[in-house]
Each structure stands twice: as C-alpha cells, then as structure tokens.
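The first chain written gets the first letter, and so on, giving A, B, C and D; residue counts start at 1 in each chain.
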Amino acid sequence: MKLWNKGYTLDEIVEDYTVGRDYILDQRLVEYDCRASITHAEMLHEIDILTENEKNQLIKELKNIISLHKNGDFKIEKSEEDCHTAIENHLTKKLGDTGKKIHTARSRNDQVLTALRLYYRDEIKNIEELINENIKSIKKLIDKYGDIEFPGYTHTRKAMPSSIAMWAGGLRDSMRDNLDYLKFYAKFIDQSPLGTAAGYGAPLNIKRDYTAGNLGFERVQENPVYCQNSRGKFESGLASIFKLVMYDLNKYASDLILFSMPGCQYFSLPDKFLTGSSIMPHKKNPDVLELMRAKYHIVVSLENRISSMMANLITGYHRDFQLFKEAIFEVFDITHASLRISANIFDSLKVNKDKCEEALTDELYATEKAYKLVKQGVPFREAYRQIASQY
Amino acid sequence: MKLWNKGYTLDEIVEDYTVGRDYILDQRLVEYDCRASITHAEMLHEIDILTENEKNQLIKELKNIISLHKNGDFKIEKSEEDCHTAIENHLTKKLGDTGKKIHTARSRNDQVLTALRLYYRDEIKNIEELINENIKSIKKLIDKYGDIEFPGYTHTRKAMPSSIAMWAGGLRDSMRDNLDYLKFYAKFIDQSPLGTAAGYGAPLNIKRDYTAGNLGFERVQENPVYCQNSRGKFESGLASIFKLVMYDLNKYASDLILFSMPGCQYFSLPDKFLTGSSIMPHKKNPDVLELMRAKYHIVVSLENRISSMMANLITGYHRDFQLFKEAIFEVFDITHASLRISANIFDSLKVNKDKCEEALTDELYATEKAYKLVKQGVPFREAYRQIASQY
Amino acid sequence: MKLWNKGYTLDEIVEDYTVGRDYILDQRLVEYDCRASITHAEMLHEIDILTENEKNQLIKELKNIISLHKNGDFKIEKSEEDCHTAIENHLTKKLGDTGKKIHTARSRNDQVLTALRLYYRDEIKNIEELINENIKSIKKLIDKYGDIEFPGYTHTRKAMPSSIAMWAGGLRDSMRDNLDYLKFYAKFIDQSPLGTAAGYGAPLNIKRDYTAGNLGFERVQENPVYCQNSRGKFESGLASIFKLVMYDLNKYASDLILFSMPGCQYFSLPDKFLTGSSIMPHKKNPDVLELMRAKYHIVVSLENRISSMMANLITGYHRDFQLFKEAIFEVFDITHASLRISANIFDSLKVNKDKCEEALTDELYATEKAYKLVKQGVPFREAYRQIASQY
Amino acid sequence: MKLWNKGYTLDEIVEDYTVGRDYILDQRLVEYDCRASITHAEMLHEIDILTENEKNQLIKELKNIISLHKNGDFKIEKSEEDCHTAIENHLTKKLGDTGKKIHTARSRNDQVLTALRLYYRDEIKNIEELINENIKSIKKLIDKYGDIEFPGYTHTRKAMPSSIAMWAGGLRDSMRDNLDYLKFYAKFIDQSPLGTAAGYGAPLNIKRDYTAGNLGFERVQENPVYCQNSRGKFESGLASIFKLVMYDLNKYASDLILFSMPGCQYFSLPDKFLTGSSIMPHKKNPDVLELMRAKYHIVVSLENRISSMMANLITGYHRDFQLFKEAIFEVFDITHASLRISANIFDSLKVNKDKCEEALTDELYATEKAYKLVKQGVPFREAYRQIASQY
C-alpha cells in the first residue's frame, strides 16, 4: 500500500471519489423522488406490471419514507450513493419482491431528472415569493423616503439629481422583470422526462402522459435523447437567471456600500447589519453588503462551471452530469439567502435627508441650465458648450 | 518621451486605449441610430423643440446617411469614437444649427441603448430564421434516414439501441425549445430606453410613448435608473441563451466527430467539410466540426466576461459598459455563422446503414432481455441480476 | 415578522449569511494559527509587551489547543465566526488578562493571511508528494508496457504510430514540469505578512524578521498594503497552477475513456474502477475517469470565481475576501483526491497488446511511405502528394 | 441554395468558418516562422536532406520574406489559411522543388508551436520592459509625494492612516513580484518543440538539440505527445500570469476612480485622461481608468476560454487549439496597452496634499489610542473595548 494512502483501502478511496457529497445532498430530493415513485407505481399498475395490492403496498411505504424523512429519520448511507438507491433498498427490505419491481420501466437517469425538476419547481416558487417580498420592501422604502432627492451618478461621479423613488424604483422594476423571466423559465423547463429511462426509452408500453399529468408537469418531454441532453442545459439556463437576480443585489449592495461611506452617508444601516474590526475600535463595516456583492460571483462561477463541464461530450448520460447537482443547489441556496437578507435590508434602511440635500451641489444642475438655454432657442450643442465653459 | 512610446504621442495612446475598435464596430449600428434619430426628431417637433422644417431637414439627412452607409460610404473617424458622434457631426456639418438641436432631450447613454436594442431585435430574427433552417434540415435527415437503428451511448459506452430519428429528433426538439426561449426573451428586452438620457431623465417634457411606439417597441422602460442598470444585464441574459443554442451544436459536433471515427463510421461528411494534414498524406480531419465544438467555449467566455465586467459597480453608467458591445456582437456572429454551417452539415450528412447495423451488437439488447423476464413475472431487479451475470 | 422568515430571528439570518461555513472550514487552520500565535507571543515578549511568564502561559495553552484539535476536541462555535476568535476566546477564558494581550500588534487580517500561508505550504508539499507518486506509477507502467505500439491520434483520427512509452511519457514529463512550477510558486508566495495588521501596519515597534524567520518563511512581505492586496491574487495564481495539474488528468482521463471503449480497447481498468447501470445489466461504466475529467472544470470555475470576486475593489481588506477560503480549500481537496486516484489508476491499468496491434492499420504508415520517397530524393511536398492520392 | 446563404457558396462559408481571422493574425508570426525555418533548413542540410546550395537558397529567400514582411509587403491570402502555408507557397513559387523540401521532417503542428514560442519570448520581454517602466514611474511618484499621509481603507471605510509611499509601494512590490513570476515562466515554457512533427515524431534521424540551440531555447521538449498536450496548457498558464498583472492595474484604477471622486479628491488626473459627457456640460469622467479596470475582465475571460476550450479532448492535436491563438494574442495586446497607459498615469498623477490632510479625521487614530493604553499596561482587548465605546 502506498504511503499516502494512510490507511484507506482503494475501495474507500474510489467510493469517496465517486459518491462525494451526493448522499448528503440527496436529502433534499427524498420527498420528490417518493412522489415520483408513487406516480410511477400507479402507472405500472395501469399497464399491469403491478397488481392493485403491490401498488398499494408501494405507495404506503413511499409515504412512510416521506414521513420518516420529514422527521429526519430517513438515512442515506454513503455506500448507497444517493436517495434513489436508498429508497429502492428500503422498499425491497420492507416489501421483498414487490420492492424489486419499482424500478421497472425506468432508469436512474430519468428518475433523477424527474426528482430534480419537481424540486426546481418548488424552489423557484420560493425564490419568486422572496422576490415579491423584496418588491414590497422596496415599495415601503419609496413610500417613506421616495421624495428625497440625492445625486445620481455616472462614472462614479455626480451627474444629475436623482431621488430615492427613482433609485429604488430601478430595483423594483428590475425585480419585476426577474419575476416574469423566472415564471417563463419555470414553465419552459416543466417537462416530464419520466419514462425515457437511460435516454433511449424502455422496451415496455408505458404511459408517459399519465405520469406527467399526475405530477403536474406542463408537458411531456417526448424525445428520450433530448431528455438526457437537456441535463445541464436546463440547469445552466436556470443558473443564468438566478445570476441576473443576484446581479441586481450586487449592484444595490455596491450602491449602499458607497453611498453610506463617509463623504456620502445618504443611507445608514442598523448596527445589526454591521460588524467591527479585531484591531480598530472605531470600525463599523458593511460585511453583509460586501458578502451580498461577493456572492454574485459565486453564482457566476457556478453557471460557468456547469456550462464548461457539460461541453465536449457526446449525446447521452455521463457521470460528469452528477456534479451539476451540487452546483445548482448552491445557486438556489445563495440566491435564497441573499434575497432574504436584502428584503430585511430594504426594510431597515434609513435615508439621511440632510446628507442627501447637502450633496445636491451646483454642478448637478448644469444640464438643467443648458436646457434653460434650449428653451430660449439656443441649439442644444451650443447651449452645452456655453455651460461647459463654466466648469 | 519614454523609449517604449516609440513615436506615439500620449494623446494617440489615450485615443487608442479608449476608442479601441468602437469606430469599426459601430458600422453595424449606423442604420439603427439613424432610425431612432428620425423618431427622436419627430418627437422633438411634437414638443415644439424643432420646427416642421427643421424636422424635415433632419429626417432627410438621416435618411441620406442610411443610404451612404448602405453603399459603404459613411465613414466613422477614429477621432469621432463612435457612430453617434459621427452622425451628429454629419448633421451639424450639413445643417448647421439644426444639426446641433438633434441631441436635445437625450444623452449618448439612452441613444446607444436604443440603437443596440433595435439591432438586437433584427439579429435575433436572423438567428431565429437560422434555427428554423436547422430544424428543416434535421427533418429532411430524419425523412431520409430516420428508421436506421444504431447504438445509443451512455458514459461513451454502448447502451441500448437508438435510431437516427431518435438521435436527430433530440436536436430538433432542443432547437424548437431554443426558438421559444429566444422569442420570449426578444419580447422581454424589447423595452424602449429612449428619453431616459444619462440615466436620470431629461428636464424636458418629452413623449416616451410616442418614440417607443414609432420604433415598434413592446413597451417603454419607464425607470431611467433601470435603463442604465439593465445594460449588461440584458446582454448577459442574451448571451446565455445563445450559449444554450451553441451548446446543442457543441454536443452534435461531438457526436459527429466520434461517430464518424474509424471503429464507428455511422456517419460520413462530404470532403468539403474535411481538411488534410500538412505531414500525413492520408488524413481527412473534421475541422469544421471541431471548430463548431470549440466556438461554444468562446460564447461561454464572452457571457462570463460580460457578467464579471458589469459587477461591483454602482448604479449608473460606467465606461466599462462600452466593452459589452464587442462581446455581444461576437456572440451574435459566432452563433450566426455556426448555425449557418450546421444547417449545411445536416443537409449533407450521410448515414452509413451497414456500419450502423454492424454496431448493434448483442449487449445492447441486455435490457430487452431483462424486460422479457419482467413480462414473465420476474421482479425487475431480479431479472436485471440474472441478465447481468451473463456479461 | 415576515412569513418567510419561518421562525428565524434577523440576528440568526445575518449570522448565517456572514459566518457561512467558516466555523467548519477553519478547523483546518487551527494548528497553523496556534503556531503563528506562539511565534507572535515570543515576539511580543522580545519587545516587552509580554512578560516571560505571560509568554510561557500563552505558549503552553496554545500547544494545548493544538492537542485538543488533534483529538477533535477543539470546537469553534458558529457565534465565534472563525478559529481566530475561538482561539483568543479560549486563551482569555483560561488565562484572563494574559489572553487579552495576544492580539496586540496584529489584526485578524494579517493573522488570517499568516495561517493560510502556513497551511498552503503544507498542502502544496502534499500535492508535490502525490505528483511524485504519479510519476512513479507512470514509470512502472512504461517499464511494463512501454514497447507496445498503438495508434497516435490527431483530430480524434488515427494519425501515426505511437507507443505506450510515448503516450505515458507525455504525462510524466508534464507532471515533472508541474512539480517545478509548483516548487517555484510555493517559494514565491512564501512571504510573511505577520505584523502588517489591518494593512496599514501597527503603531508599535515590532520585529517582523523575527516572526518570519521563526515560522520558516522565505522572506518578509514588507509593504502592508501589498499584503492585503495579495490576498486573492496569490490564491488565484495557486488555483491556476492546480488547474494545470488537473488539466493533465482531464486529458488522460479523456484518453482512457475513449481508448477503452469498444472499437479501441487498448486499455482496460479493473472492475473496482467501474460501475454499473440501474437499468442496463451489461454496463460497466468508467465513472471514476468521468469524474476526474469533470472535476477539472470545478477547479477552472473556482479559479474564475476568485479572479472575478477580487476585482473592482479598492486597496485594503473587504469582507468579499473571506469567500476565497472555501474556494481555495476546495481546489486543494479536488486536486489531492484526484491525484490519489490517478496514481492508483496508473498502477492498475492494463494494456491490451493484441488490441493495440490490431489497430495499427495501414494508413498510419502513410507518412513513413512518403519519407521513403523523400530518402530517394523526391521533394517532401511531392512525395506527400503521391501518397495522398492513394487514400 | 438556401435563402439565407445570400450569394455565398458553401465553399466560401466553410472557408470563412475555418480560416476565420487566422490569415490576419498570422502576420505577427511571419518573422518567427521564417527564423525557425532558416534553422530547420540548416538542420536538414546537416542530415543531408538539403544540399549546401538548396539550404542557401532557402535561407536567402526566407530572409527575403522577413524583409518583405517588415515593409508590409508579405501578403497571406485567406485561401492560404495561415503564414506557414503562405511561406511554403512563396518558397515553392520562387525555388521550385527546393521549396517543396522545406517541410521535410516537420508538421505544421510543431511549426506553429515553434513560431508561437519564439513570439511569446519576445512579447514577454516587452511586457517585462513595460513593468519596469511602471516601477520607475511609481518610484518617481513616491519621490515626489511619498511623505503625504492620507486615509487607509478597509471595507471601503476609513481605517488607519496610510501614506502615498505605502499605497504606491504596494503596487511597486506587487509589480516586482510580477516581474519575477514572468521571468520564471518565460524560462519554464522556453522549450523547443521543433522536430516533434504532428505529435508522434518524424521517421527521420533529425537533430533536435541543434535546432533548439540555434533558436536559443532553454531546452528541448523531448516527448512529442507532451509537445501537443502542452498547447493550450502553456497559454492558459501565461494568461493567468498576465491576469495577475492586470489585476494590479484593476485595483489601482479602482483606487484612483474612488480617491479622485468628490468627497475624496486625494488624487487628480490631467484632463487628457478625462472625457466629457454628451449631455452634461460639467462632467469630467475617468474613462481611461474605467477601461483599465474593465479590461482586466477581458483577460480573465480569455484565460477561462482557453482553459475551458482545451478540456475533454484526447491526446493529440485538435483544430480547437487553433482558437487559442486569437485569445492569447489579445491577452498580450491588452496587457501591453494597459501597462503603457498606467505608466503614463503614474507619471502624470497629482496628489492633493490639502485634501489628503483634511481627510485624516479623528477616528483614524482610534487604534493608536488603544495602543497608547497598551503601552500603559492595559491588555489589548481591554484597551480596544475602552476606545470602541467612544465611537
């Protein structure tokens, strides 16, 4: 044995390398896989693979797994790799031969796809709810402070007068667009892959419309090859939309960091969003905002990871695809946590009216001055030059 | 002067660095900018900034620029930076004070945004047309060869029988989805920014609905801050959709490279898509397919560039945004050229029936054998194990 | 309270968002931070901030923490954020006022930098050892199979005869270069930041050479601003070297996946590196190799994340930097695990001599034929054309 | 013919797609390829493939091409694809059969690699020179303004007093490290691939040491497979170092943008580095700095492109590799232009002493106050808390 194996057997090393954190990550798929399996069992009964009794036994035990899972009592062993194996193992242990029938007419490939899409559907709804919360918080901010004017910037330089209503309204409108986009995309990928097996169908006369309908899918994803080839593709697309949501937060976090620094102080944040320094007694740092800014880049890199990892591979499943799971889960988690924080921030944000007014210095009105000349008949470019010579 | 300045003045160095290739790239915006300027002039007349006569003069000269441009006779000097300056300069040179009025109530910021979105609209239509061409070519391929069976792969290993219809149909369905996605997104970003000036509005009572309607926009992008903040965001989103289109080509190029190599040869390509080696007399290499595969990564990196470049910046325009233009133009060009080539490839592709049949070796039917046992009442997992022991 | 807060207080939400997984990740820094703190205490004694007794107490307790940590008994509470706070808290709890002195003349900023660099130094050594193991395994492979000839490919097409010695030697040489590169870089970043505090020095007359020497650093990183600005920069550089190491594995994994597929089968892997399918009884899939290929892209994306996250920020520490930690740790872990697996693969790899020989078909010798004509005096390009006409 | 082919023949479409801009890009390789070809001809004479006379003719004509090229008179036709074909065509046209002999014992693959590495060597030297210019400019800045104190920031918040010497010295030290790194890497990749042909050697007894020595390479890259596999790998590594150089500029550009905004104004830049707005008469915008900041991201994305494009491909040349050329050339160009600009900026930068002093507000000395208590015997953490309560 190699020195650096340090007590691991090769089997353990291989298991570690292949399973990775899947057995932990898959906890969030347990319920979705059970729901899909219930529908699958019903369909197998419809096509006479399962008897009425077998179907009922399977459904009862699958519901039991959902209960166990909700109480934190459904374990996935590392040696089982993932929730799908753990669930089949559980069924076989409890129901013997009946359990061994559940995997008829499907492959782990379409099974994973199905569970993931059901999961995405729910998670997207959560994100939509959070976006709505943000829109509400922004609305309250505008109700409270909207009329206050403060400088609008271009090139990180004072440009023209803006207002809290205009500034915050920019985010509100962008969030509304995010919502529309997300709704479209959720529907767009809401296609049932169940029954396409390993990407080339199953040699049995199954009812795909039946399972798709029962699981609430918008439509059946007919072509089995497309089902496998859309793995990664759908995730990459999803990540790119979440990236755009995070981009809005990145920008407004950047605004708040700058606009609350000494020399601006248009905004202030309650202390609970600020942290200190280990050496400098006076510091109050906008760590929460900095992390919101930074986490955008995690999402960018995760989208890039999926897009790059899925390429240069022929049609059909590859084990590489397994690694999309961790990436897309992290995209969800970051977006979720960031939107939760940002809504709280917009709720707590204080606008300092005096600092805003103080900052409305003369040069911000240069454009207005030029337009006064325009109204007097001076061609704009002429007016512009006259005023420019004063600065 | 520094040794390494090698005869350049500082002004030239700065001009080189700031203008870059903008003055060349902007050729493709000339017509769009003129069309937007015509509408803008009409609106300025509506609000009494321009007289009837001034408006007519401007429109005539803008149409003249469009003609000059179509004949390749409209030059943008490097010192003018971009098409917007070149057009205003032209108008002023021709029309004097009237020309100096065209920039009233707008900024280069909303002007660029408007021209770009009009350009995107047309380019997306071209891409849609090309996707449709691909779908047609795939259909013809299926009509001709669809029934031929050949191995389906998972893990780059023979898995189960597939067919040309299933394989090509996977791409067709994916392309249809691409089309739906693109149509949604085209509409989604079809918002008129004209009249938001530098991102904080203009101190004049302009008619944004009027210009938006005349230019055929779906809706007005009301909030001026959102207009500026959506720059980059809309482009990043657009690039990510084109990335998904290119992903399909990347995958099918990968398929064709592998499936036409010795030992497979399910497909062959006409010689005009193949190139030779400078040293090896026998080589026929699939360069076109390799480049189609590789160019996907250019699009991935351009999307990543935009996403990364636009971050960590406060609200409002920054010069950094100027660099999105080259990136998104390249995304369009690559996708356009690749789809044009791929449609031609699907038109010319030859399926070698004998090689396909030869490759349908026994192990591809292992699953079918298991299902025969299933139909005899053996639980699937049991049947699986019985058959597995034979391999 | 918001509906979606679901029982969390705002403080918990903020803590979750800011601390993240730091308190878990930091377990691997505990020993390094203690070692740096021991040296720091010695220095503080040298400059009369600590008495002999205080110094000894601190060192004793820091060594105690190292022991606790090795037994898995040193806990970092989430509320403590990181190991640095946990260690200071522990010292203060045990030693009272003496514990409160340990943070004199340093900031968490230089403290983190120091611990990380000591950690990198050790981890790089581990990676170097693993690269050496790979080189040894490759050497054994060459000793055993080196003489066997098999086709060399260009454009995924047979090109000219290659051999196992040439193929495996390509990796060996690349790994040797990786080793040289890593050794250079390890030395390059082996600069002591200790004593630069928050990036602007500390108003005390400390001895930076003393601590740097004791901790075995190559040199002192003099400029405090550079210390902070090199955070992320050094990590990005490190990630890019590990990326190149992983690239070699990506390529050879790609080789082995293709070269062991039916139609090639030049290589075979023992069953323990292969896995089955849930539906297809006959499948033996190269999952380990596929994951080795895929994990390269994780490293690429992590490097991209660091590079993108660190940009557009002014001089000095930002909380964004905290997120580099998780990224670079993952880069280490992936590279470590992958090199461990790859050495085992090269140890177990079987070359199928008969398949190799079978594949040496006539066209591979086309170049040789051309060179025979060259030796007879035919100009190369002429000879090339003569032979080419035969294919 | 398809509607959308719009008058192009398929051959033109394929040529466009495969050649791309290679025939333009390759202008910068002409001289390097000729120099390598001269050495190659000398070697062919040494091994009796060329007569003395043939060798002399070839060398004379290759030198002639270098002259033509220097005068801008050496054309590469699009149909020739690249400089290598154009040069061989030229030789054959001028020298007949002698020209047809130049390609003996090499392939375009090793020929391209050789020309690129010679080109990299020169370009790296240029970049080194520019880094040295920057170091000199920074030194002058420190000589002039070094003693001026101004606030040091962490978290974009005032932290502790810094100075121009400390701030600028941070960049100087980082640039010195960049220089060391670049020197190492230049040597590291200075390996001669000439004579490895298409990646599997040439069936002739050539003298690789001879050509490597004549071309000034550090060493021979022995293994032909490694030669091909290092394509992309060496470029990716190179891009990542240039990325780090650009990172320094990104940071100092970010500093200068912020530190020259109203409310700071520690620095000012001469007007020639500033540009105006098309609508706001008062604006002076730091476009040059913004572009320097933004162009970092182009380099990040180009490195990412190379890294992602080169993956998941088996050993040996693929046409995908051709696309590295444009990417790495752009990396060189951006880094070159940016360093040229930055040296000019440091030469012209004005430090506003009064604004710097004004900004040194009380809270910057909080840490110093704590240390005064430390010197009086108060444990640091205690002192910290006492002072913190004052803020």
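As a convention for this text, a contact is a pair of C-beta atoms (placed from the backbone, for glycine too) under 8 Å apart; a residue touches a chain by one contact, two chains touch by 3 or more.
Because the structure is predicted, anything quoted here is derived from the model rather than measured.
Enquirer: Among the chain pairs B-C, B-D or A-B, which one reproduces the interface of A-C, with more than half of its contact pairs identical by residue number?
Expert: Copy of the A-C interface among the listed pairs: B-D.
Enquirer: Taking each chain's centre as the mean of its CA atoms, which one is farthest from the centre of subunit D?
Expert: The most distant chain relative to subunit D turns out to be A.
Enquirer: Measuring from the mean C-alpha position of subunit C to the mean C-alpha position of subunit D, what distance in angstrom results?
Expert: Taking the average C-alpha coordinate of subunit C and of subunit D, the gap between them is 24 Å.
Enquirer: List the centre-to-centre spacing of subunit A and subunit D in whole Å, with centres computed as mean CA coordinates.
Expert: Using C-alpha averages as centres, the distance is 36 Å.
Enquirer: How far is the middle of subunit B from the middle of subunit D, if each middle is the mean of its Cα atoms, in Å?
Expert: From the centre of subunit B to the centre of subunit D is 28 Å.
Enquirer: Subunit A: which residues touch two or more other chains?
Expert: 103, 109, 154-156, 159-160, 197-198, 202, 258, 277, 279-280, 285-287, 290, 293, 297, 300, 304, 308, 311-313, 318-319, 367, 384
Enquirer: Which part of subunit A faces subunit B closely enough to touch in the complex?
Expert: Touching subunit B from subunit A are residues 49, 88, 92, 97-104, 109, 152-156, 159-162, 166-167, 169-174, 177, 180-181, 184, 188, 197-204, 221-226, 228-230, 233, 236-237, 240-241, 243-244, 247-248, 250-252, 254-255, 258-259, 293, 296-297, 300, 303-304, 307-308, 310-319, 367-368, 371, 374, 379-382, 384.
Enquirer: Which residues of subunit D touch subunit B in the complex?
Expert: Answer in residue numbers: 2, 4-5, 10-11, 13-14, 16-18, 20, 84-85, 103, 106-109, 111, 126, 129-130, 133, 197-198, 202, 272-273, 275, 277-280, 285-288, 290-291, 293-295, 297-298, 300-302, 304-305, 308-309, 318-320, 322-323, 337-338, 340-341, 343-344.
Enquirer: Residue numbers of subunit B touching subunit C in their complex, please.
Expert: Per the touch definition, subunit B meets subunit C at residues 154-160, 257-258, 261-264, 276-277, 279-287, 290, 304, 308, 311-313, 361, 363, 366-367, 369-370, 384-388, 390-391.
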